[in-house]
Amino acid sequence: MKQVRVGVVGATGYTGSELVRILSRHPHARLDIITSVSRAGERFSDVHPAFRGIEDRTLAPLSALSEHELDLLLLALPHGASMEFVSELGTERFRIIDLSGDFRLRSSAVYEEWYGRAHVSAERLSDAVYGLPELNRADIRSARLVANPGCYPTSVILLAAPLLKHRLVRSEGIVIDSKSGVTGAGSAARSGTHFPWVFGNFRAYGLLRHRHTPEIEQALSDLADRDVRVQFTPHLLPIDRGILTTVYAEAVEGVTDTMIRQAYRQSYGGETFVRVLDGPPSVKNVRASNYCDLFATFDSRTNRVVGVSVIDNLVKGAAGQAVQNMNIMFDLPEDAGLEQPPLCP
Amino acid sequence: MKQVRVGVVGATGYTGSELVRILSRHPHARLDIITSVSRAGERFSDVHPAFRGIEDRTLAPLSALSEHELDLLLLALPHGASMEFVSELGTERFRIIDLSGDFRLRSSAVYEEWYGRAHVSAERLSDAVYGLPELNRADIRSARLVANPGCYPTSVILLAAPLLKHRLVRSEGIVIDSKSGVTGAGSAARSGTHFPWVFGNFRAYGLLRHRHTPEIEQALSDLADRDVRVQFTPHLLPIDRGILTTVYAEAVEGVTDTMIRQAYRQSYGGETFVRVLDGPPSVKNVRASNYCDLFATFDSRTNRVVGVSVIDNLVKGAAGQAVQNMNIMFDLPEDAGLEQPPLCP
Amino acid sequence: MKQVRVGVVGATGYTGSELVRILSRHPHARLDIITSVSRAGERFSDVHPAFRGIEDRTLAPLSALSEHELDLLLLALPHGASMEFVSELGTERFRIIDLSGDFRLRSSAVYEEWYGRAHVSAERLSDAVYGLPELNRADIRSARLVANPGCYPTSVILLAAPLLKHRLVRSEGIVIDSKSGVTGAGSAARSGTHFPWVFGNFRAYGLLRHRHTPEIEQALSDLADRDVRVQFTPHLLPIDRGILTTVYAEAVEGVTDTMIRQAYRQSYGGETFVRVLDGPPSVKNVRASNYCDLFATFDSRTNRVVGVSVIDNLVKGAAGQAVQNMNIMFDLPEDAGLEQPPLCP
Amino acid sequence: MKQVRVGVVGATGYTGSELVRILSRHPHARLDIITSVSRAGERFSDVHPAFRGIEDRTLAPLSALSEHELDLLLLALPHGASMEFVSELGTERFRIIDLSGDFRLRSSAVYEEWYGRAHVSAERLSDAVYGLPELNRADIRSARLVANPGCYPTSVILLAAPLLKHRLVRSEGIVIDSKSGVTGAGSAARSGTHFPWVFGNFRAYGLLRHRHTPEIEQALSDLADRDVRVQFTPHLLPIDRGILTTVYAEAVEGVTDTMIRQAYRQSYGGETFVRVLDGPPSVKNVRASNYCDLFATFDSRTNRVVGVSVIDNLVKGAAGQAVQNMNIMFDLPEDAGLEQPPLCP
């Protein structure tokens, strides 16, 4: 089978190292270049010592990209840097999967409102395909530019989609309470992620204004075929990896647990990476894997549906989903490189 | 100043040891007897080695209670055992603060529905005072039997009370998403609390049916002056101590952040143990203390109020609140024995 | 390439599930049967929910082994049960890798002294090969019965071997201070592994009498060609996976850091799974992998060599090393099924 | 009883906040001023939000010290800053307890060797009293300048002292393997203390060259009445608070466990804050307290004594010991302000 020739752009952070971790064992991808702006010239395994003896190549500067024939670039750049990169290099020479937030929103006005800066590549927003395979597989296949979903949105949308698509819940008044491990905050040390402060701690953050809110709303609006506004509250879990999302939505008249089960089975019966459970999922059961485990149930006391989903934020919430998208784009088995069972315990 | 003569009944669990921890430094309480059914005859410090040299007395059997003149019993017994104890011994000889769930609900029917057994002391349910000092101080003062609130309900009710009392939110559709440390699950080792399983993990449990639901609903109904049904979902945090509760409620027409702030100030301006913050609270900032830190804000996008509260589940959620109740019952300074700052880091 | 037909005996514990995790992705092994005594008849993925959709077969009773043509049995049984199993079934029908302590010691008297029971299969102790590939590769290749090393001994022996073999340290007075994650204590919930007790805690255990002591002494004696007695102290780390061992040994006259480096390079230059570092290793850099990272240095102030090694106790310390042994026994690439990079963060 | 008038100099770090935590409940100390260089002008409770409502005073600049009549200054400054402070202000106006390493070593040459800078106040080194109350109580009582011991040295010296004083072990070849929680690394966020890296991790650091080595050697040399060199290796535990130290020493001829027990009883029988246990201690049993729990035993197989001690590095290893020293210096009950039981769980 063919080998996709891949470059990872921006490999000093967690998303970058996770891409390398997965790609290093991918049977049909060949990682040809790994770049870094801040640490170009250093060995990848000096930046990420776990890779000693596994990936010892030197981090290349961005300029070195021109020396390679590549099929695909995986951009693990900060928000803002991605759109500048795409604006400069375009998507003609290589297909691109962007793991930042820069191409997830279709509206540049909404982008500016939530990201606090103008979009420099607004004309491409309509071409970018939102890379959630379980919803957009067909479009991903042919996309030149895939916007890899945010970690929280992945956990939310996969959980809420069957409920909205099957019209089991009202689209008004949805409440989303998410909890994420600290790798979601990035690899740079800051006072908010200092070990003695996070250890034994738990807190909410980004109340009312987290940037994943419009991304969630855009996807849920598509599913509901009407404007959806959600209440989204993220919290910081004292663990390294993992997101758990709890969703609350008002049931429409007549909903039963059987209908809910059927909706989920219909949506995900053929999906490799979504596991519909009979009870609430646990973050650790998906650690280091590309799975999303989920469960939803109807509360007749309150006439509400309560759903819970879990993912590994660095895998299904970032690098794993990017590889899943790559597999789709290049007609590879969708689980290629992603077959490892979760790491539990 | 006088010394209240106290007995702790049931001291092998976490609530019992936390009572002893606090009472050992209380300036106006004298701990005269500590009992245990399962480990009577052993030294308290053999069961709880942290107390070596501090509390080395022998755990007495229940029968030894009759040998002591006591003003107050603190019951740290399992649900079910408390009501049997009270049923047998009554509340004439000593005043009682019960830390179990047995006397928190006014309706024996509701108790039976959620606790799965008939109440054996139903006639006393109407006498028992729900011991949340910030709401019921006057009644606590004269009570013979105080039902110490559950840990989750304490975090919920203190957070929601000002909103409901001041009619800032609708009483329908309240969603409560709570997260608790593992000490809330008790001191007995079980597979669900085995370290390798909980470490790095996070999960929801007790969906739709947690026993603290009717307790919360009873209190919020009183505050709203109408029947309130809530959606309550607890989760298990991989930490030892601490609860964080996030509450979502629909705002009534015209609510502003200023009105919210005023409601909280009015409710808690004179309270020692409730701290109203200007931003979301952190569990670690109340660790080992009797504080409840909280924050609420209005989201004009969604017309909803989002509130967050934190407590130490073993202190303000159990033993500390019991001592606060004791202080009120015996006309002591309300913070006697509870003045220690939080332990952070 | 051929497929080794494998059975895992005893799959309800952590070692068993880790074997299944690794074997499920092994290119040249076919897992034909998974047995359990205590939970036979249940689905593997009901016992280990992380495997839902990955390994859903039913756990077979031991009796079902006779229905399968197998090349190899991997025994993940408790100490004592293994020797009874081997005593009954022998090693003629299948080759065996035993992950318990039952066949690691060559002397039945030493076994009895440290394990507190007589050995029921003493006549096989001399046939069993101690399965540390980096030291015993040739013997492993042809062995019928391989005794897979203990987790602590693996971390100790790999670290100490070059020093003793190259006569860089004296064999008297070696001090070994080891620290292990809690999975090393097994999957059964006990008070000593209850989350609220282990969280934020750290302690030594098994002082002077841990069963891995004679196993370490046997291996080091072989290396030093004389009787070695060590001081071994294990400690319990509040993490799930990982062992770090610190070894202290008196240097012989004239030792330099260069000589130490050369000894390690010579010993491990061709080894896939031992990485010799330039500074102290970190447990997380080998998590979920079969690597042993190590470092040793000479202290001229004290005339002592200090060495530090890390492994994942469930992989290189148990299941991974067993698969490495299997690969050797069946002439497969030694890293087959073990190529995954460590999981960090 | 009198009130000691105290100033805390340098209150933005963990040692400073821990001093305030303890002093805020001290019955005989009055905290008159809290200074900070970097954050002067901010409220203490804005820097340390756990103290909201408890200690809301403004952090004063150093210059404000002259406006106060003080009996004692507690210096929680970085190494280097302390000696400059003392060099400028002297010890005539107030007695001083310095929590840095600047006055712990009697020899300025040794200081320069290990701290990498010349000592600017070398003439005071001989006046400074090493503030380990259990060994130096008499000298502390009258000292003008007390050097509060390092966290590791406290755990080591208390453990080793009875063995050396009673000549139960040889003073050559002592090996010290210590493990500390992350607060020991200070409150400033750095990559080495970033949560996702420390979580689930464990590592050694400062091999051969940790600055606490000469401090330990100075104290043990005094005890042994001869030059002692030790092998000291610190490790970083993934917890916030706590140190566990394991010490290995060769026994002299004829040592028994009874002799060891007697030596410890004789040394610490009258001590409030040292608890001699019958088995290995646990870090969590001293959390948030001034206790040092310890245990030592003789291994007849190896002719070695193995000892284990635990402290809370921020309390007995820093602020608590400083308050204990203050109590001694001002003829207060030695446990004043330090009576809180440990926080476990």
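Letters are used for the chains, namely A, B, C and D, taken in the order the chains are written, and counting of residues starts over at 1 for each.
Throughout what follows, a residue touches a chain if its C-beta (ideal position, glycine included) is under 8 Å from a C-beta of that chain, and two chains touch if they have at least 3 such contacts.
What you are looking at is a predicted structure, and each value in this text was computed from that prediction instead of being measured.
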Task: Partner chains shared by chain A and chain B (touch criterion as defined above) - done: C, D
- [ ] Would you kindly say which chain has the C-alpha centre located farthest from the C-alpha centre of chain D?
- [x] A
- [ ] For chain C and chain D, let me know how many angstrom lie between their CA-based centres, rounded off.
- [x] 39
- [ ] Take the average of all CA coordinates in chain B, do the same for chain C, and state the distance between these two points in whole angstrom.
- [x] 46
Open item on the list: Averaging over Cα atoms per chain, report the distance between chain A and chain C in Å.
Closed with: 36
Open item on the list: Two or more other chains touching the same residue: where does that happen in chain B?
Closed with: 14, 183, 187, 196, 199-200, 238-241, 282, 284, 287, 345
TODO: For this assembly, give the contact graph shape among line, ring, star, complete and other.
DONE: complete
Open item on the list: Using the touch definition from the top, list the residues of chain A that touch chain C in their complex.
Closed with: 14, 17, 20-21, 24-25, 48-55, 183, 187, 199-200, 240-241, 275, 277, 282, 284-289, 293, 314, 339-345
Task: Footprint of chain B on chain A - complex, ascending - done: 173, 175, 177, 179, 196-197, 199-205, 207-208, 229-231, 233, 235, 237-242, 244, 246, 248, 250, 280-284, 287, 297, 299, 301-302, 304, 306, 308, 310, 345
- [ ] Enumerate the contact residues on chain C facing chain B in the complex.
- [x] 14, 181-183, 187-191, 193-196, 198-200, 238-240
